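In the part that follows, the structures are each spelled out as structure tokens.
Shared chain: chain A. Partners: chain B in the first complex, chain C in the second.
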Partner chain A sequence: MEEFYIEPTKSSPEVEFKPEENELIIKGESYPENSFAFYQPIFDLIETAVSKPDEFKFIVEVNYLNTSSTKSFMNILDILEKAYKNGNNLVVIWYYDEDNEHSYELASDFKEYLELPFDIVAK
Partner chain B sequence: MNIDFKSIKVKYVFIGLIIVLISLIIIASFSYVVSHDIVSRLSDRWINEAVTRNSNTIDNWFVNNRDMIDTIVYDIELSGDFSYNNLQNIINNKMKIYKKDALDFYIGFESERKLISGVGWEAPDDYDARKRSWYIRAKNNKGVIFTEPYVDAMTGEMIITVAKSIYDNNRLVGVLAKDIYLTDVVNIVNEIKVNEQSYGMLLDNKGRIIVHPNDEFLPDQEGIKGVSEINWSGYQKVVKAIKNAENNNKIEITSYEGNKELIYYNEIATTGWHYATAVSQASYEKPMSNLVNGFGWALLFSIIIALLIMYKLIQSIVKPIESLNNTVESFSTNNMDVRSSILTEDEIGKLGKSFNEMADTIQDYSNDLENKVEEKTKKLRLKNKTIMESIEYASKIQNSIIPDLNECLDLQVKDYFSIWKPRDKVGGDIYWCKTIGNYTLIAIIDCTGHGVPGAFMSMMVNSILNSVTKVIKLNNPAKILQEVDIRLKESLGEYSINNKNMPKINDGADIGLISIDNERNKLIFSGAKIDIFISDKNDVNIIRGSKRSIGYSLCKEDFKNIEFDRKADTQVYISTDGFLDQNSKSTKYGIGKKGFIKLLNDIKDQGMKEQMIIIEKIINEKLKSTEQRDDITLIGMKL
Partner chain C sequence: MEEMDILQLRNMLNKYGVIMSFTGPFSQGIIEEIGSALRSYLESKSDSKGKIFKVFSVFIEQTQNIKNYAYSLSDKNEQEEILLSGVLNIGLKDKKYFVSSGNLVKKESVEELNYRLKKINSHNKKELASVYREKLLKSDKLKDGEGAGLGLIEMARKSSEKLIFDFEEVNESYSFYTLTIKI
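Coming up: the complex of A and B.
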């Protein structure tokens, strides 16, 4: 797999995939005009990445997700949950700032409804 | 003056200056060496000639005296009359003729102790001429002899004796002698000068000083002074040179006054004496230093002239370059109309022409580009106007579905406020209100997306709510949410045709419903990812809605109704996440639910209108420094 990188903007996060570590990092704030279009290439990338024998790490460090970005995150996590249930090796690590109630609530809501390794870590 | 060493002008002037300086210094040095040699040789020759001339004059004096004595002796010998009378007559006669410069004519005799004198000098009794040095020397020499000079005790003048032996065939009769002052010779030596700073010197055949400007060196009563009496190294050097006949009759010495001197000398043939002229080194070098000064001035003038010529020349090259440079600089600061006026046939002129051509091309391109940009801008402006008008109109439509809460709530609550602030002209947030019989239902809706897509969703949810509330009672909000969820999914198509795992449309809404039941005097709340906040006199509490949202959601649990007693003066607030999550420049994150509870606690004792003003102020303050991230909707009610 090749490296993948999207530069951060004011309304979209930084996205980086590191093939050697099989690691996807999403970092920043997400309220793009068309969140589904923004996350579409990431859905595709994850579908391929999770099927590799190495453990796949999904590292999230977002300060803000708007309603439609939240839906897109649900899609990503949905894919990961299905992969996990199919026996793929993966983990979600969600970093949040202790002052950021929004990020923590999002993470804990996701964790509650998903059956997959999900670590919520205060920065 | 500021000199820019990077400029061509200064560089070339300096290079030129160095070249001129080097060549001039080489030429000047060479010329100086050659000239110095010539001048010095000329000086030497001139001084030598003068010295020879002077020594000849002196020699003539001696020759005259020698010849006179020679002639007298010759005449005596020829007459054959050696009687005392005849000889007395002859010397008396000569004395008369030569009394001007001769002190005395006298003859000493070999045969007896006798001396006759032209001035009638009577020798003392013990005086024997035959034992005097002048007599002995003349007797031993065939020719005329000159004695050593001596100082006359009476006059202080120097006197010399000239003498010759008189023979009668082979018999020595006696010696004729003449005493003369040396004054003429002394005067010649003292008076003839090569230059102002020169002086003459006369040395006898033993190198002793006869004439010298320094009185200390002159002969006195004790005799003539020589090397052993005079402690002057320069003089000793002269004597040595004369003895060895060295150095081309010219030597350098230190004068008795300590200055550098050049000595030129020549022999006086008759006596073997030496005449010498001393010239101070300074006066000798004077023509040379004039030469150096001359060369110095010539050098300076040459440099100044060379510099002027060079400056003018370089100016003529650099000026057009500067002009061209100014043109290019002016062009580069957007003055596209400037052109070079340097159009000469040389390289710079060609550069000027090329620049003008290039400038023409660039100007054409630029004009063309400007026209194109203007055209595009016009089109874009038009397009933008159309879109903005369209959105403006959409906004009117969205505004028309936002209910008048006054109609809906006036009779239900004591007071209320609402804040509706879409991020763009239209948005995904709306609120909704309906009263049927004893029931009133207030909804707050946050559709996914904002702007036009959000507005589309809001219209859809609005119409679904309208139709659902026709069949489901307003006091069962959970059931209404359930039904809205089903109908929205139906409308959007739940799953993608291509991928059964992926929802077709990733959209939905968060909805909060508050139902006021006048029949039972209750308040019923149900939320799809929306909570309500209730404050009474003591406290503010958050009542959580379901974590499930409308549309696609991870949480699948059913929506629930939460019932409260309708207590007077209780304040109920419901808000979409827009206000809670809005950041500002100073605060990275929104105030969140905890922050909102704290805020409500702070303002709960104020009137509803005042509370609204405070919250609006907070929002406006945040949006001063930061962009609005999401649509904001908030409703507060006092029961």
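Coming up: the complex of A and C.
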């Protein structure tokens, strides 16, 4: 797979895929005008990445998601959860801001829905 | 033609505790700029990060709901009319922040919206959390503006009181819809 990078803007996060590590990083805040259009290439990338059995890491450092970005994240995590249940080796590491109670809630709300390994780590 | 009395307008905004007020078409750029200004202001008042995010999040959902509603209509003139009608006020009254928005809605949209708002208000916080979860997990079909239903529920979850809303008939095509959330 190839490298993939989206620069952060005020309303959209930085997205980086590192093919050697098979690692996807999403960092920043997310409330873009059209969140499904923004996340579609990321859905596609993850689908491709988990189609192989290699270990996959999803690293998140996001403190704010609007509701349509939340739905997009749910979609990403759904893809990962399915792959996990199919026997893929993958992990989610979610960094939260200790000073912001919503930041932890955001992560723990997602974790609740999932069985895949999901670490919530203070940053 | 009578000149507009700006001082009177300012006094009126003051009276209701309005900190920021905007009217006109919300572009994504304007939403981002007002959002940043709002956050800097709240930070300068040393509100907790949690509270700042609550107010910010309600502001984002309110403004994006107006845009999503406008773009859900197929008629370009109607879209424009609705976007132009948008009004947004953020303020502080009786120690509570409020985010108040108003915009035109097509008359035929009123019944459904009114029903949804009433239904949301009939739920307590725990029920709202489970309705939110239900909607979030039903994400097999992702479309633009589909977050809108989720947006109202999210605002209700962040609100310290019930949603305050009203519809007022403007003409044969439109009503004016107002929504206030107190945080």
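In this section, the second predicted complex is superposed on the first by the 123 of 123 C-alpha atoms of A that agree within 3 Å, B and C clash if a C-alpha of one lies under 4 Å from a C-alpha of the other, contacts with A are read in each partner's own complex, and residues count from 1 in each chain.
We adopt the following convention: contacts are C-beta pairs under 8 Å (C-beta built on N, C-alpha and C of every residue); 3 or more make two chains touch, one makes a residue touch a chain.
Computed from a predicted model, the values in this text were never measured in an experiment.
Overlap between chain B and chain C is detected when the two structures are superposed via chain A. Touch counts on chain A: comparing chain C and chain B, the chain ahead is B. Of the two partner chains placed by the overlay, only chain B lies in contact with A:L77; chain C stays clear of it.
Of the two partner chains, neither chain B nor chain C is touched by A:N88.
In the superposed model, A:L114 makes contact with chain B only, not with chain C.
Overlap of the chain B and chain C interfaces on chain A: residues 10-11, 31, 33-36, 63-64, 66-68, 71-72, 74-75, 78, 97, 99-103, 113. Those residues of chain C whose C-beta lies close enough to touch chain A in the complex are 28, 31-32, 36, 49-50, 53-54, 56-57, 60-61, 64, 67, 133, 136-137, 139, 142-144, 146-147, 150-151, 154. Across the complex, chain B meets chain A through its residues 428, 446-451, 453, 501-503, 506-510, 547, 549, 551-556, 577, 580-581, 583, 588-590, 592-595, 627, 629-630. Within the complex formed with chain B, the chain A residues making contact are 10-11, 29, 31, 33-36, 43, 63-64, 66-68, 71-72, 74-75, 77-79, 82, 97, 99-103, 105, 109-110, 112-114.
Those residues of chain A lying in contact with chain C across their complex are 10-11, 31-37, 63-64, 66-68, 70-72, 74-75, 78, 97, 99-103, 113.
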